[in-house]
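Chain nomenclature is as follows: A, B, C, D and E, assigned in order of appearance, with residue numbering initiated at 1 for each chain independently.
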Amino acid sequence: MVWPIDLAILTLVVIVGIGALMVKDLLGAAILFGAYSFMMCLLWTIMGAVDVAFTEASVGAGVSTVFFVGAVFRTSRRTKD
Amino acid sequence: METIVSIKPLLAVSVSLLVTPILASSRAPNVREAWTFMAAVAKVLIVASMVPAVLKGAEIVYTVAEVVPGAAIKFRVDALGMLFALVSSSLWIVTSAYSIGYMRGLKEHSQTRYFVFFALALSATVGVAFSANLLTLYLFYEMLSFATYPLVTHHQDHEARSSGRKYLLYIVGTSIGIVLPAMLICYNMTGTLEFSMQGIFAGTEHKATITVLLLMLVLGFAKVAIMPLHSWLPAAMVAPTPVSALLHAVAVVKVGAFSVLRVLTGVFGVNLLTNLHLGTVICYIASFTVIVASLIALSQDGLKRRLAFSTIGQLSYIVLGVALLSPKGMIGGMTHIAMHAFGKITLFFCAGAIAVATGKKYISEMVGIGKRMPVTMVAFFIGSLSVIGLPPTGGFFSKWYLVLGTLQADQMPMLIVLLGSSLLNAAYFLPIVYKAFFCTPEESMFENTIQEAPIWCVAPLVVTAVISVVLFFYPTLFLNLAKLAIGG
Amino acid sequence: MSLQYPGLIVVVPLLSALVISIAGWVNKRWCFPIAVAGLSVAAYSSVGLLFRVLDEGVIVYKLGGWDPPMGIAYYVDHLNGLVLAVVSVVALLNAIASKNSIEQEFPERIGPFYTLYVLMVTGLLGIVVTGDAFNLYVLLEIAALTGYGLIAMGGGRGPLSALNYLYMGTIGACFYLLGIGYLYIMTGSLNMVDIARILPDLYQSKAVMAAFIICMVGVWLKMAFFPLHAWLPNAYTFAPSASSSLIAPLVTKVMIYVMIRLILTIFTPEFSFNILAVSKPIVWLSVIAIFMGAILALSERNLKKMLTFIIIAEVGYMVGGAWLGNRVGMTGAILHIANDALMTLCVFLAVGNIVYKVKGAEFENLQGLFRKMPFTMGAFVIGAMSMIGVPPTCGFFSKWYLISGAIQAGQYGFMVALLFSSLVNVVLFFRVFEICYYEPFSDHHGHGDHHPEPIDEAPVTMLVPLFIVAAILVLVGLYTGDIVNHIVEFAIPKGLV
Amino acid sequence: MGDIIQTIVAKYNFWIYITLMMIGLYAMIAKNNLVKKIVGMNIFQTAIILFYVSIGAKRGATIPILEHGHGGGHNVVHAIDYANPLPHVLMLTAIVVAVATLGVALALAIRVYDRYSTLEEDEILSQIREE
Amino acid sequence: MKVIGLIIAVLTGGLLIYAAGDFPAWSDPASPASTYLSPHFIEKTMEETSVPNIVTAVLADYRGFDTMFETTVIFSAGVACFLLLRAFRRKQPEARHYRHVLTGVTVRIKEGTKLPPSEDFERIDSLWTPHDLIIKTVCRLLIPFIQIFALYVIAHGHHSPGGGFQGGVILGASIIVLAISQDLRTAVKRMGEKLDALLCAVGVLIYAGTGALCLLLGLNFLDYSALASVLHVDPITARSHGILIVEIGVGVAVMATMIWIYNNVSSKGEYDQGL
């Protein structure tokens, strides 16, 4: 049975998500967001949604993060919240 | 009563509408004015061509579009509408002649715009006259309001702007704010808005609701300038005199009066009003206006302002007459539309002529002017007689019938009001004429050389004056139409 | 071919958008003709479709040949037949009218601009024509994304307002998606008709109620219904005139259509109005919306921004009319979708011409416009009359139905709000007219027509569509009776009385 | 007590997705930094995707790819053995829409930064007020 | 603002939690979602489309219309980014820098003056940092494999997880990796802007065109069985092939768009050396 892992990851997802919003550095936020997406991807694999997980791994954890990083490099890392 | 389906009403309305693009595009003044005349004549001819049928008691109907179930955009030519249409369309010819003289005389700017919107206003007026239901009437009423705005504010100075605002505030404010909801409530109560002799409320018995609706509709048509919704009229006198003449002696204000007539006779119906004793309410409102307006008129020195207040009073005659709900009274009220129109437009023309010739606007400056402009002042005299209601002018008949109406409805207070106000009318008109002619040379303000306004100005006022006199001898046309209008 | 109209309506614009984006790299001058061609095919087939619907009733088009609910299907009935025609015609006219202003404002971006423009029209048409709840979401996003791009073209504060619009729009779309998810988890279906078939057993379920509320909130966000309107004015004001005259008439109206579709088709009127007893508060909300829109509009000194606030008030009209819960009110709402789209297009095109000539819609730029651009102002006046609600322009008649509905439903507050906003519109527009009408004051005597200020009008390609729209306003007004009897009557289910 | 735990566990995914959605929504409204808002937006969207995927999950079911599919439709397939594919399909679409929105949002953010050289909303607003 | 946000979030959450009470328990095989439509997909897919990966089948065939617009969304996002960011009137820097690759000598060249035509010089920005050799090499080794894998994902989408989207993204990612590990100019040399833009459109065009082709062949839009007559196979296989075709289209479009967006975002549309 994989449900416990499932629950654990779910909780972890929430934590990472909050972290991505709390961290005072946009670059860090971007990286944490990547982690968040990857957690999600794991979660969906567990639930049997392999295609979605695959897409999320490539799009969410991959390209989105790169976009974030690129945008942050082009603007500024500074954030007040 | 037979009904003829014919496109004539639509033509009568749209002939001046169709000519507007030509007017707008024509750069040469002569072309423009020629077209204006053609349109005016065509309009009169079309209207006149329908007179015999109407006198035979027929009705000419034409439906443009069935926009809302039970309320189409529809024309119906009946006696009352014909009466009004005849007056307004025939006076358009005279006025356009006069405007040419006036506008050229004063070298007014942007005359093209002036003539275009004048034509529009005329279409709207005839449209109101021929409309078969409240929706159509509202349509043309609004059209008139917006078409006259550029005319009222023609001078485009600060005064024009402020009075233009006042004009819109009163006219459009009331029509959208009061008439529209009233109309919709009527529609939702009865499911129709068609005018008919017995009214649309046949059967319904909500006295309170009907009273409220009646007041909303009578006061809502603020163009009739019943107090307290009157003060736009004097303000609107900043307009060029021909505008004041046609619009504020004939078209606009008479449209208001006409709409109220329609509401009283067509929407509510004489029987209903008699049963619910609502006529008296209107009578008292109207008579109040009559007296107060005449009193204010006494105190005015500006000639046009005095005329304006006299107009306010005279309009309430019309309402009063119909609200008496007695046949004779109603005939009086309806004929007064015509009679007062001819009388009052003469007076305005005279005022304009004086302005053009001497530039004088205030009565106190007009002592002895009769020696300078005898023709004009004689016309003025006739016009004032007609407005006061003395023979030998058409005004006499309408007053006469009004008085008979009060007796028929045995409303003594109203009789007193009528007679009193007639005295007041005399009191604020005759002194002008007297001072104009009979004054000692030293107090005269003009040298005795006769110098009239240009012919374009004088001819029309002579014509209208003559018509007012003629109407004393041949009033039958209007009287018959009025008799037909009250169905007997 | 007429059997394929539903397909063509969406596919042809899509293909033409792709072709445009390719052509943009080869030769800019090809973009405009292709766009016009694609849009006119769409307009032609949607009008043809409307007539077919009038003859045959509901038309079902199975994409991929799969029977619904397995595959995605188009359901074209009288309601979206009407909206389709309006949307495609408006888009076409605006495309023709805005040619010059596009070339003036951003000459080197014509290719991508037209791509987005046509894509947006594709999205809107798809939203209207589709019968699949999720498909609607995807198209919603297309319309939204392209819209952000088009608005942000405006430069200045354009990007910022577009970004705010993006946040709000995304929340709205996601709420809609969430609501659909709730419906899906309860019914297991995504096809609107199918959901409607399954739902009646579940009307008591909390999840269905929540689904309805969430969808509504999402749609309201997208249509800028009063408390959620904050994004609209800036977005529409700072957009380039070519975009704003496409977005302002269509987006909010299409969202209104979606709302009505939700009320009437997915959830039956019986659920929306009887089981869920929220009509009264929503109507009151729309009353507030109308008042706020009118009052905020009064405080504006920029013509374009003033109009955006009027749009907010108009949204209030339609939401309120739809939620009056009676047939007349719904008729008014549906009628007003078409009328408002047309009259908004009219005024925005006029504003576009003004901006094209005098570079700005601030009130002080407008002095003496009646002399300078008489034709544009003439059309603008007609549009304004329609917005005020003066017969025989179409604006009056939809208002007529709305007010009648309010009276029948006993919602006099709504009636008062409508009249109030009409009066405020009079004030607003005549304030503009005054400014355009009174030149810098001069003594009026002594100079006749000798030396009038030179007429400096917008090019004819911008004027002709404007005139067409103005004429349509009056014609639609005169044919209101037929439109109601032959189209709107059938668009509303018999259940609603 | 026990049944409460039961319901909590039985719908754990739903609770979590609601939590995530609240977080995302809060961030979109309350955060001051434009990019942070965008992060919130993505969390919001993924939360909804999570919700859909949870709809699709089915106890004791495997991934929705038929075994020895090369054999064609000969061997009979039981729906109970496979997870519900429909939500997966929808969510593929949703993910792509999310990334598309992300791209446009970032582009807009960069444009905003070009103009105001800050990403903090309050600073931008104060600059606008000064104009 | 924070308070409002909190209130709204809590309200929404409250509503959702309240509603979630009615949900069928999580992963319950008897829930309507699992019992109404999905059985048909699971059981019929094989004989109706002969694609074992149900998700692919539903994605590209049953709900192929969604997917087409999904691709269109990506496409419009790419166009929007381009429209927003691309600097059209690019101010030419008064001086340009070149680096002699072999010696590492950097030359600064004034406006107008020419550089001797030679392969050894590469254009660099004023603030240029030398690439890390290890990263550069590793990526250069890695990229081909990434791309092969991407192609496999696209092609094998019928039988295994994956398909156009995933493959396309990975394909795009390989180029993006190149751009990161070296610099944007190198990547753009490999895959020019115009090519990007065209490929985006072409990818979607493949998809929509296939649909339109079906429409021209007399069946409804996107009804791949119409392709049977063209491909000379039975309608079922035609569907399977049709799915493959559109997946390729999706792959192309997604790849190109990802690169396009990255180029514009990472260089503010300047197309200089990027990150």
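We adopt the following convention: contacts are C-beta pairs under 8 Å (C-beta built on N, C-alpha and C of every residue); 3 or more make two chains touch, one makes a residue touch a chain.
The model shown is predicted, which means the values in this text are computed figures rather than measured ones.
Looking at subunit C and subunit E, the chains in contact with each of them are D. In summary, the chains found to touch both subunit B and subunit E are C. Counting only chains that touch, the fewest steps needed to get from subunit D to subunit E is 1. The greatest centre-to-centre gap from subunit E, using C-alpha centroids, is found for B. Ranked by distance of CA centroids from subunit A, the top chain is B.
The interface holding more C-beta pairs in contact, when A-D is weighed against C-D, is A-D. The mean-CA centres of subunit B and subunit C are about 43 angstrom from one another, to the nearest whole unit.
Here the CA centre of subunit A is 19 Å from the CA centre of subunit E. Distance between chain centres (mean CA atoms), subunit A to subunit C: 38 Å. Averaged Cα coordinates give subunit A a centre that lies 79 Å from the centre of subunit B. For subunit B, no residue reaches two or more other chains under the stated contact definition. Among the residues of subunit A, those touching two or more other chains are numbered 47, 50-51, 55, 59, 63, 67, 70-71, 74. Along subunit D, residues 12-13, 19, 21, 23, 25, 27-28, 32, 54-58, 61, 63-65, 86-88, 90, 92-93, 96-97, 99-101, 103-104, 106, 108-111 each make contact with two or more other chains. Listed by label, the pairs of touching chains are A-D, A-E, B-C, C-D, C-E, D-E.
For subunit C in complex with subunit E, the residues that touch the partner chain are 4, 7, 11, 14-15, 18-19, 21-22, 25, 61-66, 69-72, 108-109, 112-113, 115-116, 119, 122-123, 126, 132, 134-135, 138-139, 141-142, 145-146, 148-149, 152-153, 159, 178, 182, 184-190, 205-207, 209-211, 213-214.
For subunit C in complex with subunit D, the touching residues are 134, 138, 141, 145, 148-149, 152, 156-157, 159-160, 162-163, 166-167, 170-171, 174, 177-178, 181, 184-185, 190.
Touching subunit E in their complex are the following residues of subunit A: 47, 50-51, 53-55, 58-59, 62-63, 66-67, 69-71, 73-74. The touching residues of subunit A, when paired with subunit D in their complex, are 6-7, 10-11, 13-14, 17-18, 20-21, 26, 29-30, 33, 36-37, 40, 43-44, 47-52, 55-56, 59-60, 63-64, 67-68, 70-72, 74-76, 78-81.
Those residues of subunit D lying in contact with subunit E across their complex are 10-15, 18-19, 21-23, 25-30, 32, 54-61, 63-66, 69-70, 72-73, 77-80, 82, 84-90, 92-93, 96-97, 99-101, 103-104, 106-108, 110-111, 114.
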